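Here it is, the structure in full.
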Amino acid sequence: MSDDAILRIDNVTLRFGGLVANRDVTLDVTRGEILGLIGPNGAGKSTLFNLISGTYQPSAGRILFEGEDITRLPAPERCRRGIARTFQVPRSFDSMNVVENVIVGGLARHPGAAAARRAAIETLDFVGLKHRADAVAGELTPPEKRRLEVARALATGPRVLLLDEVLTGLTPSEARAGVELIRKVAERGVTVIMVEHVMEVVMPLVHRAVVLHLGRVLAQGLPTEVVRDEAVITAYLGERHRAA
Amino acid sequence: MTAQALAQVLASGLLMGLIYALIAVGLSLIFGLMDVVNFAHGEFLMLAMYATFGLVVLTHLDPIVLMPVVVALLFVLGGCAYLGVVRFAMRAKANQGMVQIFATFGLAILLQGAAQYAFGTDYRNVPGSWLGGRTLDAGGVFLPWPQIFGAVVSLAAFGGLHLLMSRTDFGRALEATREDQGAVALVGIDRNRVFALGWGLGAALVGLAGAVLAVFYYIHPQVGASFALIAYVTVALGGFGSVGGALVAGIVVGLVEAFTAVILPPAMKSVGVYALYLAVVFVRPQGLFGRL
Amino acid sequence: MTSTTLAAVPAASPEAGFAARRRRKLLVAAVVFAAIAALPYGITDVYLQNVLILTLMYAALSQSWNILGGYCGQISLGHALYFGIGAYATSVLFVNYGIVAWGGMLVGGVLSALVALALGWPCFRLAGHYFSIATIVIAEIGLLLVHNWDFVGGAMGIQWPFNPDSWWTLQFARDKVPYVHFALGLFAVVWFVTYLIEDSRWGYWWRAVKDDAQAAESLGVEVFRSKMAAAAVSAFFTAIGGGFYAAYVSYIDPESVMSFRFSLLFALPAVLGGIGTLWGALVGAAILIPLTEISRSYLGGTGSGIDLMLYGVLVMAIALARPEGILSLFRRTRSARNQEATP
């Protein structure tokens, strides 16, 4: 295990009753990298996000962030320490407008509403949503909602950003813009972990890929290596190719 | 407390508990079906009592004979309440929980006003059932026949409901709808129809309870409110949506109430029930038999 | 006028535009409050003045409810408990100990806030309908306890002694205008507190909790603490309203301040006007309260039921037709205008 791991997932298992969503997952996330988390449906990608962000607590195992054990910390505390996330289905605060949505995130980093507002407007500018600052969140288009999710998470000033299928369902040009945004975020020194379905889009972007299958880590390594892995091809690609 | 007094409290509590279970089960059924709490449930009960009263005055028949008519009327009322109000409340895009609460509250106020308009605010009693006023002397334990009758009707209703849910197509449709609302459309069940029938069934059950209650309880436009609260507590205690839970919780509520009345002044008899309810949901938010 | 010049200046930055909008809201409020304050000099009829007082009082109470129900999304149907605590604390302190209503209201408010915190501890673990029903049950227990508590008058209630008109004792037997101004002042205070909260940490947190508690948590929002804070503020002002009501009617008993219909009456104006908004409670109360009072006097007689039917239909119609409240009608047109302006 490398010493510059910002996040360390150590033998984590999550059970729901008889169902095992994650089994003995061990994973190091290196500071500054863009890590792709891939795998077929039901592989346990989203539950792993929920474990890292504190929505669920593991049945066994530990999660370390910056060397400290955060396994039992509640979600808001993890956010303050620097872990932010988006949701697979965007969950904007629909009774608020766009900038207010981002202010909620900004308050995790800034003591007062005025400072949080300044940070929120900056963040909106950064993700290219400033022109929609006063729109009601419920009225955004789906790609705009995705950007809002990212802006809200970024406003919390994260060191690790978890992106759950932010590129899924976008048109090719929207997806390219999304990829650009993620690169920009990474250039700011934020470590990015992204769950994605669309391999074609993710592979050129990520530095490293981890393949989950049936709740376990099936393979990890450079994107080019992972796609050639026999087990991966049968478990994931094979299935997709058959379907296609 | 003598053994005889204890038996008296137990028996009265049990009888009343079975009637509470019958009052509550319709509420639980509707919630289980579609996640809606009907805040007009008490008013359904009140209207069933007035319907009994009105029919007795008109026909001079025994209220027991008229029970099926009351049940049928309430079935129609329940179906109409769904088709006319609740169906629209479920379409709300914003504040859905709030819309459901206040739409059914509005209905409750409307029904109270309608009863007040039609029958006035006098306290009424259903005249002359042959059960009325008779008591059974079971070795020194005195049990009023109307309550015994109500308890038996309640047990029969629960038995019938069980058969309906497990043996008929309609019961299976209800079950399918509550299990998975999305899948229902796929198997070709008309959700609206199932919901309307479900509301009819829930209202018919509380109609049965009203017809039973009218024989021995006073009738007033606001009589529903006090029973409604007991019904909410019963349903929450048993677990929303659980039919068996409503039966057990109803009995528990009846017994706790009977024992509280022994310890505290009669006006405070509900305090024990409320306190028990709070104690249970604070420890087990989903109630005794509920699923989260 | 200043507001038009403020509006005409194109905002240099989004922040400046926001600050200008905030200032404009204050200005509008000042104008509205001044106009209402002048009303009783035009309306000298005592009956209509009574309607005005009740309207303002329910607006203030509903705005207090709105803090927990509308902003934080926790639908309490038991606020009659806090109203009762305020009414009883004020009455007992005044009648038994000679402490004037000003002090009594404050004591009642603090007591209510503490009770809200104590009850919130278990209740806020319950979600949705489970929470609402628990609040009804708790308020009902409170009602039963007061009914059987002789120290506070039991079922008999508490009669206030008659004193000469004075702002010090908050008793006015002959001239009702001071009550209009007190009720207006109370609403203005709650309005201003809500206004301040809207652009504060709590304000953003509460709305986030209402819209999506799980997403809020992932953004650092302390959900449980948010609910507790909203409950305490909400209960505090509800109790002050209760103290005012006791002083106004000079006689309270358990049913007349703690029955369930009060809990409903506090929620309805805000729901009608628009939950989670600055003006929804006032707009809702201005429609609902005169309508109830007038239909009660002219249609109801002694309980014909027509007033109730009308009321019920109105509540249903609003819940179904305008789930976001009457104010949303205006917001819709405004946002449509904005969209036309920016192609």
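Lettered A, B and C in written order, each chain numbered from 1.
Note that in this section a contact is a pair of C-beta atoms (placed from the backbone, for glycine too) under 8 Å apart; a residue touches a chain by one contact, two chains touch by 3 or more.
None of these values were measured; they are calculated from a predicted model.
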Task: Most distant chain from chain B by Cα centroid - done: A
TODO: Could you tell me which two chains share the largest number of C-beta contact pairs?
DONE: B-C
Open item on the list: Need the CA-centroid distance for the pair chain A / chain C, whole Å please.
Closed with: 42
- [ ] Please work out the Cα centroid separation of chain A and chain B, and write it as a whole number of Å.
- [x] 49
- [ ] Compute the distance, rounded to whole Å, between the mean C-alpha positions of chain B and chain C.
- [x] 33
Task: Junction residues of chain A - those touching two or more other chains - done: 94-95
- [ ] Return the residues of chain B touching two or more other chains; collapse runs of consecutive numbers into ranges.
- [x] 94
Task: Residues of chain A touching chain C in the complex - done: 53-55, 74-76, 79-80, 84-85, 87, 91-96, 99-100, 103-105, 107-108, 112-113, 116-118, 121, 130-131, 133-136, 139, 152-153, 156
TODO: Over in the complex, which chain C residues touch chain A? Could you list them?
DONE: 13-15, 18, 199-201, 203-205, 207-208, 210-212, 214-223, 276, 335, 338, 342
Task: Complex contacts: residues of chain B adjacent to chain C - done: 31, 37, 85, 88-89, 92-99, 101-103, 105-118, 120-121, 221, 225, 229, 232-233, 236, 240, 265, 267-268, 270-271, 274-275, 277-278, 281-282, 285
Open item on the list: Per the contact definition, I'd like the list of chain C residues that touch chain B in the complex.
Closed with: 75, 77, 122, 125-130, 132-134, 136-138, 140-141, 144-145, 147-148, 260, 264, 267-268, 271, 275, 302-320, 323-324
